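Across the two complexes that follow, chain A remains constant while its partner is chain B and subsequently chain C.
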Partner chain A sequence: MAAKPGSAPVTYSPNLGQKTRPPIFKDNDLDWVRPDGRGFHQCRPAFFRTGAVNSASGSAYAELGSTKVIVSVFGPRESKKAMMYSDTGRLNCNFSYTTFATPVRGQGSDHKEFSSMLHKALEGAIMLETFPKTTVDVFALVLESGGSDLPVVISCASLALADAGIMMYDLVAAVSVSCLGKNLVIDPVLEEESYQDGSLMLTCMPSRNEVTQLTFTGEWSTPDINEAMQLCLDACSKLGKVMRTCLKEAASASQE
Partner chain B sequence: MRGLQLPLSQTQRIRLQRALEKLQSLSCKANSDASVTVADTIPVNYEDAFLKGHGTTDLNGDLVATVCGVVERINKLVYVRALRARYKPEVGDIVVGRVVEVSQKRWRLEINFSLDAILMLSSMNMPDGIQRRRTALDELNMRCIFEENDVVCAEVRNFQHDGSLQLQARSQKYGKLEKGQLLIVDPYLVKKSKQHFHHLEQFGIDLILGHNGFIWVGEHVEARDSMVVDQANSSEQSRVPEEKNQTHTPLEMRQNICRIANAVRVLSTLGFSIDADLILETVELSSTVKIDIHDMLGSEFHVLVAEREAERRSLMGKRKR
Partner chain C sequence: MEEADEMVTPGEVLGRATDLKAGKGAYAASHNNTIYASLTGFRRIQAPPPASHDKRPTVEVTGHKAHGPVPEPGSVVIARVTKVMARTASADIMCVGPKSVREKFTGIIRQQDVRATEIDKVDMHLSFRPGDIVRAVVLSLGDARAYYLSTAKNELGVVSAESSAGATMVPISWTEMQCPLTGQIELRKVAKVVN
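Here is the complex of A and B:
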């Protein structure tokens, strides 16, 4: 049922998907109460800081509630795979979890599907023709997973790319919305993601008003889709402003 | 984390802040309007004809920035200079690099650029100094000249059509660098100047400021012009390098090298542009204050250097008026 537009043929299922699940709402009138007391259409306060990793060309740290990620960007640099001459550069994304990121300590896994989603979200915004024959490597590390990891990583990655001085059309802001029964909650936490009926992740370039990636999973009704997309676009433009102030602060601090 | 990461006491913090504020007020380019982030519109008078330079693009008739940086205007050219970008090489720059790979008839050097630089075997002077065609034997003996992880000083010769860089090391002052330290600083801190090879006589130390941000501090090596040498002396010379390898660098020389290297590190942490005079002044400051070499990287010395630099620049400003 859920097919991501223009992506690798991997079926995407909600996290911790169980085949049979008792309905959480016995009556359809009950509303979901958010664990951290936010409103349904309220995002978590975002904290961004660039320059987290000294040895990388560019890096950024993002913290939204309990989701903490760090992204480092290396490049443009040479790589064995980019030896063939090409007019455009290559973007190489890697998304991984630390062993202590999830509530249950497990092996740090390297999620290939998240890596390719990160790649698709970013490649629309980067001007690849400005660094031919070289590669830009983006390494994303989730230090603590507190829900909506991928959108936070995408926003953090675009800040890291801006920090590295790589030419982009615009910053990329990403937000996800979960559908819980008849409620739409924005920026879900881990618990909400486990109960969701469907999710939507939208990454857009706020100043250009262009969407780079759109991902729907689960069951959605058409009016819900419209409402959710509108919510996402509003939230992305606000997130874009927060990201800009972070970059401006970093720039003014480094000017001597 | 980037930025000054020093354990500063309260008084040190105040002193450092005061010195940095003084420096900022003295700098002539204190124009905060000029800094832009990605997709910010650049204020331009659209009636004038202007050229769109690096870091800008056209969006619905507006000029927007594609990198985070400072807007520079030179005559009609409007471009955005990125704050933290890779080194941008130009022909004739002196660079210091590290050998990454020995391939067919060339060496690959890592300089702080997006691609590795290439040093062709034919762009190197032969050890015996004779100008001749490089034979297959020369190719097999490439490893005797430079191996992997050797530090080499060279000059940018030209750009290939696909964007990669070619270097040359045609005179005696270029070549393998031994007996010293390689320091890596940000490329924008090394400004273009007439002299990049500095011989500090009072220490007997060579200082090479590579444009790419690689700085070499090492024991002084006599640069002999190989053209003058004739065949009779060539066998004698081939023995001399071996003997040199066995000579021990005296302790005082090593201490001097470390002192100068630490001075460079302090200057780069504080973000001051690096040139030979400033390095010498910092070293003198460290010896007058009688600070230990390893204490030079501590917070007190950083604060002293910042204060000294603020004083120096304010004096220069007063002298100009």
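Here is the complex of A and C:
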């Protein structure tokens, strides 16, 4: 799916708050550059498109660099018989990779941990009481894994939910930051993720400015955490704007 | 009074809760008294009904693609009977109100919910047959398996049924339907169809 000329993907970079530290390296004496030539605090251009899957109630396709994901939403439909009775609705998430998603060809598999993280990130943003007793299924499929897969899927899933007409408190935008030595790189690609010292993923509701999930791995110092979270929050609000533009384009296109 | 339409997406601020009321597709957050959109669509402002005390206009989001209808207690549904047992009949819900459902929902009509009178003398097999189309009201969300449906009203019950000969039967009383081909009379809990 190529971007149309009118809706060229846009790149964006978050601003730190007032407390910016002086850059550790001057730009000209950096001893390394990012594999795709981005600045450390520059996100990949984001491309979103809703309505990718016809049979689903709602769906969205997202492409950030070489990370390509498709998310389809089904329902609200009857909960499985084995489930306990519940007054409110349920969210069921499934995260899987295609067989050709990673450089090493293997079996496409379900990812239990990512499924539950996707569930946690989205659950807080959905008005579950608007579809009592029923279930909304979210199926995320990574077509090509190019790094930051989970954050891309989370943002894409919230668009798919909005496309399905599920009532939500806000969209959910997600961004991750990797810690490489003394540097923080935003929106890491697969190569950077493989040699990172630590990573942080923040998912938030951009217009309410509320965090729905925050995940750390690896070793972090407090100032780094502060800086990384500020970066993520600002990047999320910018990503949120890109997502809103996509929704509005799709909605006005369907009106015509 | 209707204002110029503006496209909004979930989470966009629609106004202050002190000036506006949240309608369909919008919600009010109590922590900062702000009204947000919860769906994609057009922001529309409706003047308050003249009789009400609340003078705030209602803001709602319309023209969106809503999710498929979901049965709720009190909604009138059209269902197809799938199985008739001694005490219950199962039915698949096909329409909720005027809208057809996209996904299948299962409902159960219990013996005591078939009609309003002599509820202990109801014979399920003389009330429904598999394949009948019934109009029913959703009593409750039921259990984990199914919604509880009721046909205990004059206008509720079988609205369309096929006879054993394969013709659509004609209702002749509130308990009987007749096949136009063979003249055979079959027993049903017939709905009084009001036009």
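To be clear about the criterion, the second predicted complex is superposed on the first by the 218 of 256 C-alpha atoms of A that agree within 3 Å, B and C clash if a C-alpha of one lies under 4 Å from a C-alpha of the other, contacts with A are read in each partner's own complex, and residues count from 1 in each chain.
Simple rule for what comes next: contacts are C-beta pairs under 8 Å (C-beta built on N, C-alpha and C of every residue); 3 or more make two chains touch, one makes a residue touch a chain.
Keep in mind it's a predicted model, so treat the numbers as computed, not measured.
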| item | value |
| --- | --- |
| Partners on chain A (chain B, chain C) - clash or fit | clash |
| Touching partner for A:Cys204 - first (chain B), second (chain C), both, neither | neither |
| Contacts of A:Pro132 with chain B and chain C, given as first, second, both or neither | both |
| Chain B versus chain C as contact partner of A:Gly165, first or second or both or neither | both |
| Touching partner for A:Ser79 - first (chain B), second (chain C), both, neither | second |
| Touching partner for A:Val69 - first (chain B), second (chain C), both, neither | neither |
| Which superposed partner A:Val185 touches (first chain B, second chain C, both, neither) | neither |
| Partner chain in contact with A:Ala52 - chain B first, chain C second, else both or neither | first |
| Which of chain B and chain C A:Asp87 touches, first, second, both or neither | second |
| Residues of chain A that lie at the interface with chain B and also at the interface with chain C | 57-58, 75-78, 85, 127, 131-134, 162-171, 205, 207-208, 244, 247-248, 251-252, 254-255 |
| In the complex, chain A residues that touch chain C | 57-58, 74-79, 81, 83-85, 87, 127, 131-134, 162-171, 205-208, 240, 243-244, 247-248, 251-252, 254-255 |
| Chain B-facing residues of chain A, complex | 50-52, 54, 57-58, 75-78, 85, 127, 131-134, 162-171, 205, 207-208, 244, 247-248, 251-256 |
| Interface residues, chain C side, partner chain A - complex | 7, 9-13, 25, 27, 29, 36, 38-41, 63-68, 70, 72, 102-106, 141, 143-145, 147 |
| Complex interface listing, chain B residues touching chain A | 1-3, 20, 23-24, 27, 32, 35, 37-40, 55, 57, 59, 64, 66-70, 82-86, 114-116, 162-164, 271 |
